[in-house]
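Next up: the structures, one after another.
Both of the next two complexes hold chain A, though its partner changes from chain B to chain C.
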Partner chain A sequence: MELFLQTLLDGVLIGGTLVVIAAGFSLCFGVMDVIDFAVGEWVMLGAYTAFWFQEFTGGDPMAALPLFFALFFAGGYLLQPLIQRVTAGKRPHPVLMGLLFTFGLATVAKGSALYFWGFNFRSIRTWLSGQNVQIGITVPSLRFAGFLFGVFATLTFMAFLYWTRTGRAIRATAQDRVTAGLLGVDVRRISALVYAVYAGLTGMAGVLIGALFSIHAGMGLRYTTLAFFVVVLAGMGFVPGVIPAALFMGLLQSLTAVYLGSRYVGLALFGVFYLTLVVAPKGLFGRGS
Partner chain B sequence: MRPLRLPALGAFLLLTLLAPFALNPFWLRILTEILLWIGLAVSWNIIGGYTGYLNFGHGAFFGVGAYVTAIAMVHAGLPFGAGLLLGGLASAALAAFIGLPTLRLRGAYFAIATWAFAEMIRQVALLLEVTGGAFGMRVPGLLDPNFFYYVMWAAVAGTCAITYGLMERSRMGYKLRAIREQEEAAETLGVATTRLKLAAFALSATFPGVLGGIYGYWTTYIHPDSVLSGSVTDQMVVMALLGGLGTAVGPILGAVLLQAVSRFLWLQMEQSVLYIVFIGLVICVVVQLLPDGLVGFWARLRRPQRGGNGAA
Partner chain C sequence: MKRRQWVPMAVGLLVAVGLALGPTEAQQAPVFKVGVVTSLSGEMNFGGNVTKRGYDLWADTVNAAGGIAIGGNRYKVQLVYGDDQSSPATAALAAERLITQEKVDFILGPYASGTTLAVAPITEKYKVPHITGSAESPLIWKQKFKYTFGTIPAVNQIAPASIKTLAKDVKPAPKTVAVIGIDDAFSKFAAQAFKDSAEQAGLKVVKFEIVPEGADYTPTITAVKAANPDILAIGSHEKAAMEMIKAAKELGFAPKAIVQHYGMTTPDFLKGLGKDAEFIFGSSVWTAALKHKGNDPFGTPAKYAEVFQKKYGTPPDYTEAASTAAGLAFEAALKQIGATPPLDQKEKDALVAALEKLNIKTFYGPIKFATEGDFYHDNVGLSSIALQIQGGKIVEVGPGALKVISPKYPMPAWTKR
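Entry: the complex of A and B
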């Protein structure tokens, strides 16, 4: 029973950290019709930024999260027009071009990280690292903080989406780009804003993931995979679905690892992933676009 | 110009057939690799270029072909030729099997589903005993570079010829392009879309199956991270895109150019990771500036005036 509870908790904590990445990613698809292959590379860059921040200032990266958000927000805002350029207008194969362009960006990011920072594994320390709280089962403090952060950031993000004017404009754009434009929404600005917020959130999540696990140039692909998984399960473009989908993914991971063996985690994830797409392409809730 | 094309092609084929007499094993190896990538890029173009279904898991068929051929040779003691046949058949059968549910998905969904499927296959290869799991698989070696060059040559020439015949010179090609442009419209015009898509998918999977079988026997060692790695698919897609999607020459051009440049960089630089950055930049620049590839770029150069109102 204790093992089972511990496994459940681990799963929930794994899922919580990923919620925020998936939420931004899902919205990006909804608004821009772009599947961002570079999602994991934002995580990787976030983790490295936190590492170099700690190297040079000696400060705790957890305390500087808003700074990282601002940094990645700016990066995303500057990059978005290039992505927009290949998917909008009369260009052929917009889906392929969007996928390929972000794949190209991801490759550049990964290659540059390898070139500049090498194959070494690095890590960062925060004030919560290595602490645990025992309540019958073990709650690792840092993971719990990551979970809280993920849920908190996602809820803030959703509040912004559903309770503000800009949020309404974003949702309108996601529903119908052309009509939203006709009704006076500056679709270009909204798209750039969405991508910037998504990059900011993902970079920030990268800081936490860097604190939780080791940092290396190839870490991105894992998070790209997991983000795809959660978003497909939630229904592409349906943001509220990512919270249960991410928790489900976390549970699937931890339950498989404990009861079948960690060798089977990959197969379980991709098996469920593929089957979901084939059986219910609109996601578990049937609300995807 | 046109009457010269056939003799030029013949001369080119003859030249490549004579290559082993002029080159040392090192350069022959690089040439064999270039051939392999031509075959893979051309096969991806059938489903991704002509049909418009972006298969992001095409590398799975390469890996399945490699493993089936290797298993047939190592565990069943079959000769190479029989193994190759089995590899191609297994890939085609797998494609037909997963094609039916997967080809119902469109656009980005199909792309992601095939990608997930390919990863699933890689995970299975890592777990199974018959594939050697995470230890990889050793294939009995045959140290004859000329043999592999000619086998690869024949397989790739066959791939290109069959693809050209079916896609450019038969009704099937037109029908597939109709599906790419608008599937519903094609269906109302009487195109049996499901059957055709399935046929195109199985056909496009057969070639990488055979090429994978040759590759495994040639390199004598296969591993899920080599033959089933996602980068196999990535390279095919990039090569087809660079040359020009849905054209006969495009993927060939893209494969030759990209593989030659990447090998050149690899020889020049100790730091091979810069090559990754280079590939990434190529993709970004091509997508931004040449969305219809080198072939489209060339066509635009040749008739710059006519693009004014009609073709724009």
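Entry: the complex of A and C
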């Protein structure tokens, strides 16, 4: 029984690390029609930035999360017009162009990271690293904090989407770019804003992931793949579906690893991914686009 | 500027850059062209760079002395790198390119076993001598490749040292062990070696699992914790081991001993885990504290460590030493046959014959390649040592007479340190 409960908790916490990344990724697709292949690289850059922060200031990167958000927000805001340029205008196959362009961004980010930070595996330590709380089962503190942060950030973000004027503009743009533009929404500014928020959230998630695992130039691919899985499960572009979908993915990983064996985790994930695409291409909730 | 003018201009610019970067020096005395296939990017790029340091140190030392002395002349060596991107398919392509386009005389092999297993058939096809300074999978030697050699013993020769020490030299003796291995050509065999040696020593294996690389290891560790073993043995490279140990700490799981291979001998392992690396066991065939004496430029392990530290700013581990030794083996065999660059096919075959007969003493220990049996063409001159991290240092704890300092056992709980 203890093993079962622990396995459930592990699963929920694994899902928690993915929520923020997938939420941003989903919205980015909804608003900009861009499948950002570089999502994992934002995670990687977030982790490396936290590493540098700790290396140079000796401070706890957890305490500086807002700073990382601001930094990546700015980075995303500046980068978005470039993506916009590639995917808009008279170019053929805008979705494919976006995919290719962000794939290129990912490759450049990976190569640059290898160049600037070298091949060593880096680690960051936070005041919660390695701590846990015993309540019959073991709750790893840092993962739990990451989970809370992920859910909190995603909910805040959704509150912003549904309760503010800008949020409404974003949703309108996601529904129909052209009509939203005709009704006076500054689609370009909204797109840049969305990409900036997405980059900021993902960079912050990278700090937590860097503290949980080890930091290296190739770490992003895993999160690109997982974010993609979660978003397909949630329905492409449907942000509220992300939290349950991420938790489902986490539980699937954890239960498979403990009760069937870790070697079947990939099979289980791909199996569900495949079935979703075949049976429910709009996601578990039928709300994707 | 009109659009159509861009194309010729861009082409012209590229050509100019190409010319500027290309070889402009006049051809000097012939050099040995040495192909190196290893992982300079991808999952294994840390290990790939570890082998690179070992190979580079050999080449730089040879060239600083003026080159390899053959028949009164000295011939420098030139390393030509091929990045295998940590993937076996790319490794095979890189080897093929180095052989057919760069026309290298011989090859120094990759970091990982999977990539080495992809390079070996290529060197076999083109009949080019190949020594790996790192790959440890016993699979490589079972296939009896004529052109492939290795300076590092197979993992089932190295890894058991720590288990043997734990089974015989600590009290109260551990009874149970759980083994986790990562699913690649090296790590699986490391795990298998842990399992086999534990069973031989009379320990009970309560869990044996092979897991894919790059997973989140918390559920795996949760399952191990439920089996409550005295020893957790991890067969993996450094990254997966670090992540599993982090997960074990997060889940408050402290077995009486954690055994790992390969990674705990690398400086990154100590740096990445910090105090949590303390008490972890591992094994090696070479440490700077050993008393080997050789006829090579380094001479002793201590001297090699000193030169290495000066050049790279970190202490060497046995993979780097074995990679440098791979260069030394080629150098000794070349001197014996007196061949000068570039090598023709006859000389390459003579080089293989000389390597088979080689029996030299180096700072790394004796190098003597087996010519029959399950370890065909692997170095069989070395014995394995059990190590433990104590006080931030790697110390020799066994087995038996190889002990310098007593092993610390059992490992205290994470909260009591």
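Heads up, the rule we're going with is that the second predicted complex is superposed on the first by the 289 of 289 C-alpha atoms of A that agree within 3 Å, B and C clash if a C-alpha of one lies under 4 Å from a C-alpha of the other, contacts with A are read in each partner's own complex, and residues count from 1 in each chain.
Here is the rule we go by: a contact is a pair of C-beta atoms (placed from the backbone, for glycine too) under 8 Å apart; a residue touches a chain by one contact, two chains touch by 3 or more.
This structure is a prediction, so every number in the text was calculated from the model and none was measured.
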In the superposed arrangement, does A:97 touch chain B (first), chain C (second), both or neither? first
Using the touch definition from the top, say if A:114 reaches chain B (first), chain C (second), both or neither. both
Give one of first, second, both or neither to describe whether A:266 is in contact with chain B, with chain C, with both, or with none. both
Is A:189 contacted by the first partner chain B, the second partner chain C, both or neither? neither
Check the residue A:85 against both partner chains and state whether it touches chain B (first), chain C (second), both, or neither. first
Where chain A meets both chain C and chain B, residue numbers: 110-111, 114, 263, 266
Interfacial residue positions of chain C with respect to chain A in the complex: 40-43, 45-46, 48-49, 183, 209-212, 214-216, 218-220, 222-223, 225-226, 238-239, 242-243, 246, 249-252, 268, 271-274, 276, 414
Going by the contact rule at the top, pick out the chain A residues touching chain B in the complex. 29, 35, 82, 85-86, 91-93, 95-97, 99-101, 103-112, 114-115, 221, 225, 228, 232, 236, 263-264, 266-267, 270-271, 273-274, 277-278, 281
Give the list of chain A residues in touch with chain C in this complex. 2-3, 6-7, 10-11, 13-14, 110-111, 114, 119-123, 125, 129-132, 134, 138, 140-143, 212-214, 216-218, 222, 253-258, 261-263, 265-266
So in the complex, which bits of chain B are touching chain A? 48, 52, 54, 56, 101-102, 104-105, 107-109, 111-113, 115-117, 119-120, 123-124, 126-127, 230, 234, 237-238, 241, 245, 271, 273-284, 287-288, 291-292
